[in-house]
Amino acid sequence: MMELGARCVVKRQMSKHASLVAKMLLLLIVAALTLPLHVAASGQVTSQAVAATTQCGHVSLQAMIDDATPGDTVVVPAGTWQAPLHIDKPLTLEGQAWPVIQGDGSGDVIRISAPDVTVRGLVVRGSGISLDREDAAIRSSGANTVIENNRIEDALFGVYLEQAPDSIVRGNTIHGMELPISRRGDGLKIFYSPRTLIENNVMRDTRDALLWYSPYSIVRGNDFATGRYGLHMMQSDHHLIESNIFRNNSVGVYVMYGTGFELRRNLLADNRGPSGYGVGLKEASDVLLEGNRIVNNRAGVYSDSSPLQPETAVTYHNNLFAYNEIGLEMLPNTQRNRFQDNIFLDNGEQVNVYGGGDLTHNAWAVDGRGNYWSDYAGFDANADAIGDLPYTSKSLFDNLAGSHPELRLFHLSPASDALDLAAKAFPIFAPQPRMSDPAPLMQPPALPDTPGLTPPPTAINLAAAAAMVMLALSILAAGTRRRRRQRHTLSAQAA
Amino acid sequence: MTAKVIWALAQKELRDALHNRWFLLYTLAFIGLALALSYMSLAGAGIAGFAGFGRTAASLINLVLLIIPLMALTIGAQSLAHEQEQGTLAYLLAQPVTRVEVFAGKYLGLALSLLASLGLGFGIAGVVLALANGAGSPAAYVSLVGRTFLLSLTMLSVGFLVSAFTKRAGVAIGIGLFLWLAFVFLGDLGLMGTAITLRLPVEQLLWLSLLNPLQVFKMAAILDINATLDLLGPAGIYAMQEYGAQLRGLFLMLTVAWIVAPALAAYVRFHIRGDL
Amino acid sequence: MIEFTDLTKRYGKFTAVEHLTLHVPAQGAVALWGVNGAGKTTVIKCLIGLLRYAGRITVDGCDVQRQGRAARQRIGYVPQELAFYKEMTTYDMAEFYARLKGAPAARIEPVLEQVGLSEHQDKPVGALSGGMKQRLALGLALLADPPVLVMDEPTSNLDTAARSQLLQLLVQVKQAGKTILFTSHRIEEIEALADEVAVMERGRLQFRCPAAELAPRLGLRTQVKFILPGHQLEQALAVLQREGLAARRNGVGVIVEVAPGEKARPIHTLRRADIEVSDFEVE
């Protein structure tokens, strides 16, 4: 663990001379410490920390923090340090070679109550498990907190900003506890902390990344997977959500009650579960979704009463909806949504009206340009790249399933296809269209890149497929194999 | 029961399958359609920059549900009836073989020819998919093939049952085709109608549909690919909540029951049958 | 070698075979004689295990119903008409049945040679003539060199030449020491092959007798049809009837009924009367 021995370094803002003297003194102390510490290192975690701090003249890391002057950088060497820690003055706490800040399994691990605190390069683990107290690895209530490049493990809540405006959470890895989803906490909880920047973090196995009453926050370049809601925004306005990966959550991004959201170039994939959505919009106003890839979710986008505010819209531009069970699931109360240049590709059901009804109060084309639909069967006689017939979504089975959801059990059955065929052959059964794109695109528009596009394992797939062909051929060969016979010699003699 | 005799009979069935017009036709149709589906999904994968296997698999499930039962039912229904009609069955049974051996040999041979046919169809489509980077998880693909094989065995068993009760191949195939209609369309459509008119609770709907081995296959395949059944709406969600991890076992049990029970009944009938 | 004890087979209310008890000694050749529907084929089907029955059949001590495989291992069966798999070649078919019988592959060539099919072993079975097919059936029956040969009307579908060819083969087989049980309604076949005849009528065994005594005991007569010049027809009828032969006119010829050993008598009679016999047929 502690190969180099512990060095407790406090960088103080002092005169150059004093600083130099202090540094030399410290180096001496460190050199003297190295040997006994090797012994201590093999012993208990506690004794080692104590040993280190005793030699430094402090009783613990907490004591060092207490001892530091506001504005200092406290460098934490590798090793395991006992927490909880409380930082109540502007400080930088910086780990070298990943020191472990080990909580005692109750309450928070690091608590920050002053502004301008930076925590960087630490492994923070071992929070309590109380959902009532919301035990967290790092909790801050100070403005301008920077939580950067930390590894947070075994924590109920990961980073909890509570009235910590203008903070930055960047480059952290957050792993939740192995608990059933109902007992997990939020990997990130940003509460009454406006203008927070959440950037390049990786989060796994937690509940949500939650933005609550924290307007003007930006979420960019993160990778949030295997949680409940990848990103959950509630009563929070004006957010930019850009170039993130939301994968294998129940819901990729859930926007509840707010105004002003831009979702750009995100990858929303494999978000499943009973109410699995790539993006969920509930009473969200003034939303722009642009250049997102929404792939293989239960429902690509679920939209309920959005936009809520009059005079606002929800705009879908240049998004990919592909391979979702339902591309777009909307409640019939959804109006003033605008769609242009989106690709609806091979969704089990391209557009579904939840509970039946129609979606005709939305603009399925803007300025004479609609969307690309992989099941569009029209033509383009005047060669303007716009289909001459409108695209309509009307499947008898889908309509039936809209009003009798239990019939979805027969999804993918030939019987449900037969129903649709019958409806086409005998128009008397044909259902009312639920939506109509008056200007469907003949070719899919180009899409911007999103993070997280990975090629499939080609070699293994090829090997598996080739093995199947070989198996088939060897079965056939075994079936037609003849026993050896001496015929050839006989016929040779006959000749 | 000796393995040598069973294998000799199985090999002959395999060789016959290669001469059987129906069998070749189905195999070619299956390969062609699987390729066409793969091609279509590849076009999509090009747009998406994403392997579209989920969707390919869904189309493959649909294709499998149509063709494989037809194939297995017709060759199963022909098996004994055709030989009886030709008189070869009586001559075969006059040899020093037992009826178990004849039955097992025929079943094994036809099962292997089905496996070969599936291997070719899925294998060729899979090579195309893989080469074009359009395939997804190899495990999901292999398990889909495995489940398809089990499905074909259920229908083969049902076909044998038809065959054991008929003397003429034409009649047997007719019954086989009707059963195909029933399994693929009529049963589901009837159940849909019942569900709407009687307002069946989802658990009853689920269990009634599980009586159909095709539905069992479909649910198991979807479970393999999506890891949940929520695609199937309330009944699927109910199944996940009620049975969860036991679902795979349940599906396997039902499938095995559909393989064993009709085959056993067919054998019993074949064994006690005198008028050959 | 083969014992039928109180064999009874009923199809519903119809009784096909009733209380048949019959013994076929080792190396003996017994023919089942009877008109169509007398129950001969049913007896054979019971013997080779295709039908369930009441009573008991053993082959070399093996009970057909309880030790079916062992019993059938001792039997080579030649059906009335060989049912074949069209696509198979002669050799492949022989190989297939050799494997079922557990006969070594080395037996295939000599047996095909024995029945004169060596040159045809790569032909599809469907392309063989009727006589060749029956010889193939005999060959298949002999593959595993069983002690017993069971045949159901082996020559009934063959033309005269093929029939005599097959009969010749069967005589050789008999001389090689096989036990033979066969059904027939052809007196020449029985006289050529059988030691003993069991006569069946409506499912019952009527009597048994040496093969040579069958025709006289049944009072069997053969019909011979003579083709004669038209102007001599009346004269011929008169001459034949004067000789005491049962003759009647039939189109351009005369039909004479004679006992099986006397087929040449009408020819001599007609020659003596200077009536030229251009052709005749035995029916």
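A, B and C label the chains in the order they appear, each numbered from 1.
Keep in mind that, in the parts below, a residue touches a chain if its C-beta (ideal position, glycine included) is under 8 Å from a C-beta of that chain, and two chains touch if they have at least 3 such contacts.
Keep in mind the model is a prediction, meaning the values are calculated, not measured.
Asks: Which chain has its C-alpha centre closest to the mean of all protein C-alpha atoms shown?
Replies: The most central chain, going by mean C-alpha position, is B.
Asks: By mean C-alpha coordinates, which chain is most distant from chain C?
Replies: So the farthest one, by centre of C-alpha atoms, is A.
Asks: For the chain pair with the highest number of C-beta contact pairs, give its two chain identifiers.
Replies: A-B
Asks: With chain centres defined as C-alpha means, what is the inter-centre distance between chain B and chain C in Å?
Replies: Result: the chain centres lie 48 Å from each other.
Asks: Chain A to chain C: how many Å between their CA centres?
Replies: Roughly 86 Å, centre to centre.
Asks: Using the average of all C-alpha atoms in each chain as its centre, how far is it in Å between chain A and chain B?
Replies: Distance between chain centres, rounded to whole Å: 39 Å.
Asks: Could you tell me which residues belong to chain A and also touch two or more other chains?
Replies: Residues of chain A touching two or more partner chains: there are none.
Asks: List, in ascending order, every residue of chain B touching at least 2 other chains.
Replies: Only 15 qualify.
Asks: Hunt down the residues of chain C that sit against at least two other chains at once, touch-wise.
Replies: Residues 99 of chain C each touch two or more of the other chains.
Asks: Write out the stretch or stretches of chain A touching chain B in their complex.
Replies: It is residues 272-274, 276, 293, 295-296, 298, 320, 322-323, 325, 343, 345-346, 348, 374, 400-401, 404-419, 444, 447, 449, 453, 455-458, 460-473, 475-476, 478-481 of chain A that touch chain B.
Asks: In their complex, what parts of chain B are in touch with chain C?
Replies: 4-5, 8-9, 12, 15-16, 19, 86-88, 90-98, 272, 274-276
Asks: Chain B touches which residues of chain C in the complex?
Replies: 11, 45, 48-52, 68-70, 72-73, 75, 77, 79, 81-85, 87, 96-97, 99-102, 144
Asks: Okay, in this complex, where on chain B does chain A touch?
Replies: 10-11, 13-15, 17-18, 41, 44, 47-55, 58, 61-62, 65-66, 109, 112-113, 115-120, 122-127, 129-131, 133-138, 141-142, 145, 184-185, 187-189, 191-192, 195-196, 200, 202, 205-206, 209, 214-215, 218, 222, 226-228, 230-237, 240
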